[in-house]
Amino acid sequence: MTNINRRDFLKLIGAGSVGTGAGVLYGEVTKQTVELLIPQVIPPEDYSPGIATWYNTTCGQCSAGCGISVRTREGRAKKIEGNPVHPVNQGRLCSMGQAGLNALYNPDRIRRPLKRNAPGGSFTPISWDEALTTLGRRLGNLKIQGKGNQVTLLSDGVRGHLDKLFATFMQELGSDNYLQYDFAFPNALYKANKILFDIDTLPYYDIKNTNYVLSFGADYLGTWLSPVHYSLAYGHLRQGRGKRRGKCVQIEPRMSLTGANADEWIPAKPGTEGLLAMAIANVIISDDHYRGSDIDDWASAVGSYSPSAVSGQTDITESEIKRIANDFIRHRPALAIAGDNIASGTNAVSNILAINALNYLAGNLNKEGGVIFNKKPSLVQSTQQRHASYIDMMGLRDAMSTGQVDTLIVHNTNPVFNLPNSSRFKEALTKVPYKVSLSSFMDETTDLVDLVLPLNTYLESWGDDIPEPGVGFTTATVLQPVVTPIYDTRSSGDIILTLAHQIGGELPVALPWTNMEDYLKAGWKEIYSGQIANSAFNSFDQFWRKALESGVWGENKTCVPDRKNKTKQVQLNNITIAPEFSGDEKDFPFTLLPYISQTFFDGKGANLPWLQELPDPMTSIVYNSWIELNPATAKKLGIKEGDLINVQSKEGSLQAPAFIFPAIRPDVIAIPIGQGHTQYGRYAKNRGVNPINILESIVDDASNALAWSSTRVKISKTGKHIDLVKTSGVTRTLGRQIFDKPGKHS
Amino acid sequence: MTDTNYQEPGYADVNRDILQTLLVTGPKYWITFGISASVALICFFGPWAYQLYVGVGAAGMNRSAMWGTYLSNFIFWIGLSHSGTLLSAVLHITHSGWRKAIYRSAEAMTLFSLMTAACFVMVHVGRLWFVHWTAPIPNPMELWPNFRSPLMFDVMAVTTYLTASSIFIYMGSVPDYAAVRDASTGLRRRLYTIFSFGWRGTAKEWHTLSWAYMFFAVFVIPLAVSVHSIVSWDFALSIVPGLHQTIFAPYFVCGAIYSGTAGIVSVMFLLRKYMQLERYIREIHLDNLGKLLIVLSLIWTYINIVEVFTGWYSGTSFEYEFLKFRLFGFYAPLYWEMILFCAVVPLFMLHKKIRTSWKWMFIISILINIGMFTERFIIVATSLPRKFLPDAFGFYFPSFVEIMISIGSFAIFTTLFLIFIKWTPCVSIYEVKETLKPLRRDA
Amino acid sequence: MAKSILGIFQYEEDFLNAAKSLKASGFNDITLMSPIRLEEAEEIVGLYKSNVRYFSLTGAITGAITGFSLAVVCALVFILPTGGRAIIAFPPFLVITYEVTILFGVLATLLGFHFVSGLPAWRDKAYKVDTNIDRFSIAVDPGSDTDSTKIEQTLRDAGAEEVKQLEVAA
Amino acid sequence: MAKITDKIKEYTRPGYYEKFDYHWTMSIDLDRCTGCGACVVACQAENNLPIVGEKRFKERREMKWLRIERYWEGEYPNLKLKFLPMLCQQCDQAPCETPCPVAATYHNQDGLNTQIYNRCIGTRTCAVYCPYEVRYFNWFTYTWDEPLEQQLNPDVTVREKGVMEKCTFCVQRIRMAKDKAKDDNRRRVKDGEVTPACVQSCASEAMQFGDLNDPNSKVSKMTKNKRAYHVLEELNTKPSVVYLQKVEKHD
Amino acid sequence: MSISVGDAISSFKIPILMGVMVIFGFGIGYLINYTFFSDRSPVQPINFSHKIHVTDNNIQCMHCHAYVDKTPSAGVPSVKKCMGCHKAIATDKPEIIKLTEYWDKQEPIPWIKVHDVPDFVYFTHKRHIKAGIECQTCHGPIETMARVTRVSSLKMPWCVDCHTEKQVENGRDCVTCHK
């Protein structure tokens, strides 16, 4: 080895130090990052780290009133599940209910009160004090001036004590303008039940124990009334009773989720389902299946609707009608129900009456497996009369545009989105001098108001609820906050109570409570002392604790039918059973069927990303709107999936991509409701179309409800193409062993 | 011999002619090198860095086709690698003299296409930073690779193949390194002294080298067959229709040799043209390779027909759907292009004039490799989106990143090859001498 | 430092004859160098079957054992059953065995080459550049001065172009 | 010596899965399933599935460990739409497990086909080999819009880019139930103590979950139903998800 | 001209040695980092001593780490818990003054995590305590530490070795810790 000279030595030292430096650096880079261990300053009472706490409360995503259990960890809500002791959903929950967490933690929630700077200007954040003082002063002045009636409160379908609070507040303010508006509220169903059975509530449809469900459009597994409860019942009907497997028949022009699950799907001509029901009734009577004393009246009422006469109008063969009628009788107890698109035409009430008459003729009333009348829940006042029909809303519109409304308070409802353009509601709304919105999200209506009071979501609020439709016995559920409000928001009850104190006068006397919790407790104390005078609880506190713990009062009882038969003899002679449509068949060859989306309901769910990402059950489409077309129609018009289609009604037009849907009548096109928001947060905004926009303002005269299935349209290609975003590839089994045991498939 | 003007070079000419390819570097070389290196950098490493940053989502793969062009590129390059080693080894042990002028560049192709293929493994995986877990290295987690996995077969086979073919090509070059050493001075001389192990050409050295070389050849042949069989098993050991085929191993091996041989023709054409090696790479080589290509093309066509026939005749929905998609679906033009380039075009080589024309053979060889590249793409892109559940049927189209990386891989190969020809004589000096007139008085 | 006598030939026959006569004269330690492989030359120095083959065989056998044990041991260190296959599954492990057999076979052959051929040459040896181009040469290590004259004579007689003495490292 | 031969016999025998401690199994009654999608959302909520956005859906890169497949039968007007909830079938002879070079997916003593995210290097071979296509790959590192990340389940790993993921039968719930059983000094988890999120949410009670090794469990009884079958049974993957045929004919 | 490989190699002596030095230096550097800049014993915002509390004053572990046998995490005591004693005890000590400052501001103390299990590993104290594992098995002689020093690597092999040794049921099943 030769000697290393100085120069080389320095080189080696240099290399060594470079290596050392790299080594130190490498060690530093690969070191785990320092994490902090942050203790709590003062631990909450029932806090234990890493252990989940479950709170029982009530779902606020739709009007079914399911009970939910929310799993929380370290003060954050993690998961919503059904409350197992709740009689409506019995531990189960639909997709919408579970997506409630998206509403709670939605990035687009309004985080503080907002005030509009100038008409048409932008919003500025203000403090709660300022917001409530401004509003309180305004309302107080109106009250003092005796113009209390110029205040209108338009709410969503709240129930229970919040409803009572609203009513009291408005009453004390001197206003009788307290309305509730929900697009999907079945006005016609209530009306028909009132006519037929003289009841104010919905009856209990005992799908669980029936043998045969003859559903006219009622998508009871998807959107109709109380889908979770009916799904439970459906499961039981199919496989829960040993060998007795119930049969489901669905009569509707476009296959809904329920239609997909039914044994038979029968596409009658839209609007003629009532006729079909009459024909079935005719068969029941002519085949001598009904032996009541009033048989002659019935015979004369339905006499002219023989299957042969109706067959042509309904597009259903005579033998088919006879078969359905015989099946319906043979499988007793059977159930005939009507809803959704069938109950939203111009003949909605007539249709429902005819369909309900089948239950009467088959003797299915107040029977296990038939229609059971709910006991009237007498806990808090019944509310359905507050639900505004379309005509009522038009009344409000007129009042607004003629300056009879000085202050409009909108609570959690979105009429600008849910009313057709032809209603001119939006234009009227802008004429109201002072508009206030109580909402968690910047929806289309909130975007137009002068003062925005951000609400807690239902997971941060106190309240109670009475499920509607009921479950055959009296029950009520509690709504309690499961997390502390994550933003500077307040619950509607707290806001109203604070306002009451702000306004002063008689209001604090009538509403002495300062927060919703106290108000609720006081109300439940009444229930306790009035209703539950039994020895199960020693004190109200114990009862209240139990109610909060289980989330529901009246749990796990069996259904006790109200045996009193209230059925009135119905004069089916007088009903107008033939449907009317806006636009004549020649110019507008297609019937437009907007349908309530299972994922977004009436549009409320569109801002929840989990629902946007939930493939539509029938089409698997996500994140968009689409127009459903029969393959034959599409072929005739040369339309392919994804072609952008222009849909033109008398009232306007919209453009959306086509989806070739096998199970829809060739003379019908269907568009889901729910998308097409112009506001409402990043997940909903500018996505798809809102078919409500192009609906004609025609109503069902009997119920005054908007006939939203009675608009005719024409369609044309625009030449553009949008790739529909869907998850399903090929939706045929191609003879593969997917639904059968091996060897059996072709 | 068609070439009547051919003048056989002397021993010294061989040394001079071949060493000049290595020792004399003109601006043309540097321009080519510069272009190919920058294309490699921009098209391969640039997009790859982007992909590493955002995730494999930068590629066009999706739920229905979890594998894409990266895998088809991998197979293509592995396939191309079968040219050299296999051809060289088979011809070596069968004592085919014509191999001697071309085998060095063929082996170089093997080595560098293998390296390119290995790059694609790196590009393909989702978490490159953990890819060392596939190597059986002792680790504190006590976790070892899963040797039941066909991918581990791959890891072992490709590693072995890379090692074996590097050794194979290196050992075959030792006497040539000595020639470079003798013809150079300074740093290059010192380096080549090391490379050549101090080779003198003694009888002992020649004897040991030839024995060792024979063993290498014997090892490499079953290895090469196993490597592409194993690559095919990455697919065939699944149960996916279109991939789960008994015939896949021979199909892949045959296809590999086919594309590799075509690759040699292309490389030979370019070397001959740009490295002034007309005296060494001659029509006889072209003629022989042409004949080989025809045979391989026929075998390949046969296997393709068998694949379609069995799929169709079996009558199962699984086979039928994917075949329908392959033959008549979106990628049908590619399929028929493949058939045209790989089954029809080679038939022109039956004509001797075409078979011995450099221009025609170059075009045909390029077409064959385009066809073979398509074949690999089609295997991935038409089978995976048509698996078992029709609802999950999908579609695959390569993304910009994937296309760029695919283009870049050719540049990587070219760059490596360009480095190689300046490092090792691209025609074996001593073996070419063996084909010449011996240095005897009586010759 | 030792001396070495180098004879350079233009023709193969001369070269071989020279080698033969040297061998006949009892000079066993001769080195024959040629630009290409000459099997006759190998015969003259007595090389028939190379010992490389033992290396290859041993390597391959070692590889087979190593490959299989590697797979088995890896499977047993942390038992993770997959796909209903046996923990020690023969078909896949044989593939691994096959590959490692070849890998070790190749590596052992490489080792054998170095071992048998004596390369790399760490010290300088008798060599003339032309030998690697188009000349043949014989290097002989003379024991004594008398031997060296004899060797030179033999080489010249055989037709050497050039005969020279070189100083090489011992 | 006998011990060693026994060991060798044990280790060389295929079907190591036959003596599991538990054999978690799910049954899905297609006659009850309505296809409503509640299970899909339940899964997303429980298992920290990312919100991927429309663009990713378009690229077919959705993340749904449980999806509902739909198949039409017949032509208008005699149409039928059948739903098939498709989740990881936790096959006993899983085609996906064998090809993983790093054994990131393997069969454990619960009969679960586990996926260990930490070990995954993202070759995606398992997904290619899976005949049910229920494996999902993290093409990107997904993020949650603030404050949606507050919903994330702390018991489930949030996966990074380059990692394969799939239904775990809510292994965190299984672990929790076992933890509870240990606290209560029970050797085994009781039937009904573990319900994966999807099973819990199913409104029509189409799904049942339990231990197949327990002959009295609900799910054991379901598997004995004469309508029970496996999807693509002919592939012999031996799934742990049992489907019950939809009843086609009525009366 | 020489054909000796030895000579050729020795002519590259300096570059080769430089390479060796780089590699050697890298190792040294890594070791230096590991030994002197280790994260095993960071300086905490308050110089809390387990020795004073446990050894000198004989306070049980569970007094402060109350959740250790009930929940996955041992639970670092809340500031309120500290103040429960230190409202009266040793209030004049500088560290306690710091604590009081945090309490007055109602701010948590930003302790630096010493025992940090790698990400995506689910560790539960409860199971280990219930299985009768002493705190010291993992935390070392914590009762004598004036400043907490990590003695275990908390890396996977460390966990697995113990699970193997103690023959924990399913102790080598991946989902025991990773899910």
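All chains are identified by letter, namely A, B, C, D and E, in their written order; residue positions are counted from 1 within each chain.
Here is the rule we go by: a contact is a pair of C-beta atoms (placed from the backbone, for glycine too) under 8 Å apart; a residue touches a chain by one contact, two chains touch by 3 or more.
Small disclaimer: the values here were computed from a predicted structure and weren't measured.
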Next on the checklist: Considering only chains that satisfy the touch condition with chain B, which of them also satisfy it with chain D?
Outcome noted: A, C, E
Checklist entry - Farthest chain from chain A, comparing Cα centres? => result C
Item to check | Distance-to-centre winner among chains (Cα means, whole assembly as reference) | outcome: D
Checklist entry - Which chain's mean C-alpha position is the greatest distance from chain E's? => result C
Item to check | Rounded Å distance between chain A and chain B, as computed from the means of their C-alpha atoms | outcome: 63
Checklist entry - So what's the Cα centroid distance for chain B and chain E, whole Å? => result 52
Checklist entry - So what's the Cα centroid distance for chain C and chain D, whole Å? => result 61
Item to check | Set of chain B residues in contact with two or more other chains | outcome: 64, 142-146, 148-150, 152, 178, 182, 194, 197-200, 388-392, 394
Checklist entry - Counting only residues that touch at least 2 other chains, which ones in chain A make the list? => result 50, 728, 731-733, 736, 738
Checklist entry - Residues of chain D that touch two or more other chains: which are they? => result 60, 62, 69-71, 84, 95, 98, 100, 103, 106, 119, 231-232
Checklist entry - Can you name every chain pair that touches? => result A-B, A-D, A-E, B-C, B-D, B-E, C-D, C-E, D-E
Checklist entry - What does chain C use to touch chain E in their complex? => result 78-80, 120-125, 127, 129, 169
Checklist outcome for this item: As the complex stands, chain B meets chain A at residues 64, 317-318, 321, 385, 388-394
Checklist entry - Contact residues on chain E for chain C in the complex? => result 1-7, 172, 174
Item to check | List of chain E residues in touch with chain A within their complex | outcome: 10, 13-14, 17-19, 21-34, 37, 39, 42, 67, 70-73, 75-81, 103, 106-113, 116, 118, 124
Checklist entry - Can you list the residues on chain D that touch chain E in the complex? => result 21, 106, 108-110, 112, 114, 116-119, 155-157, 168, 171-172, 175, 179, 182-183
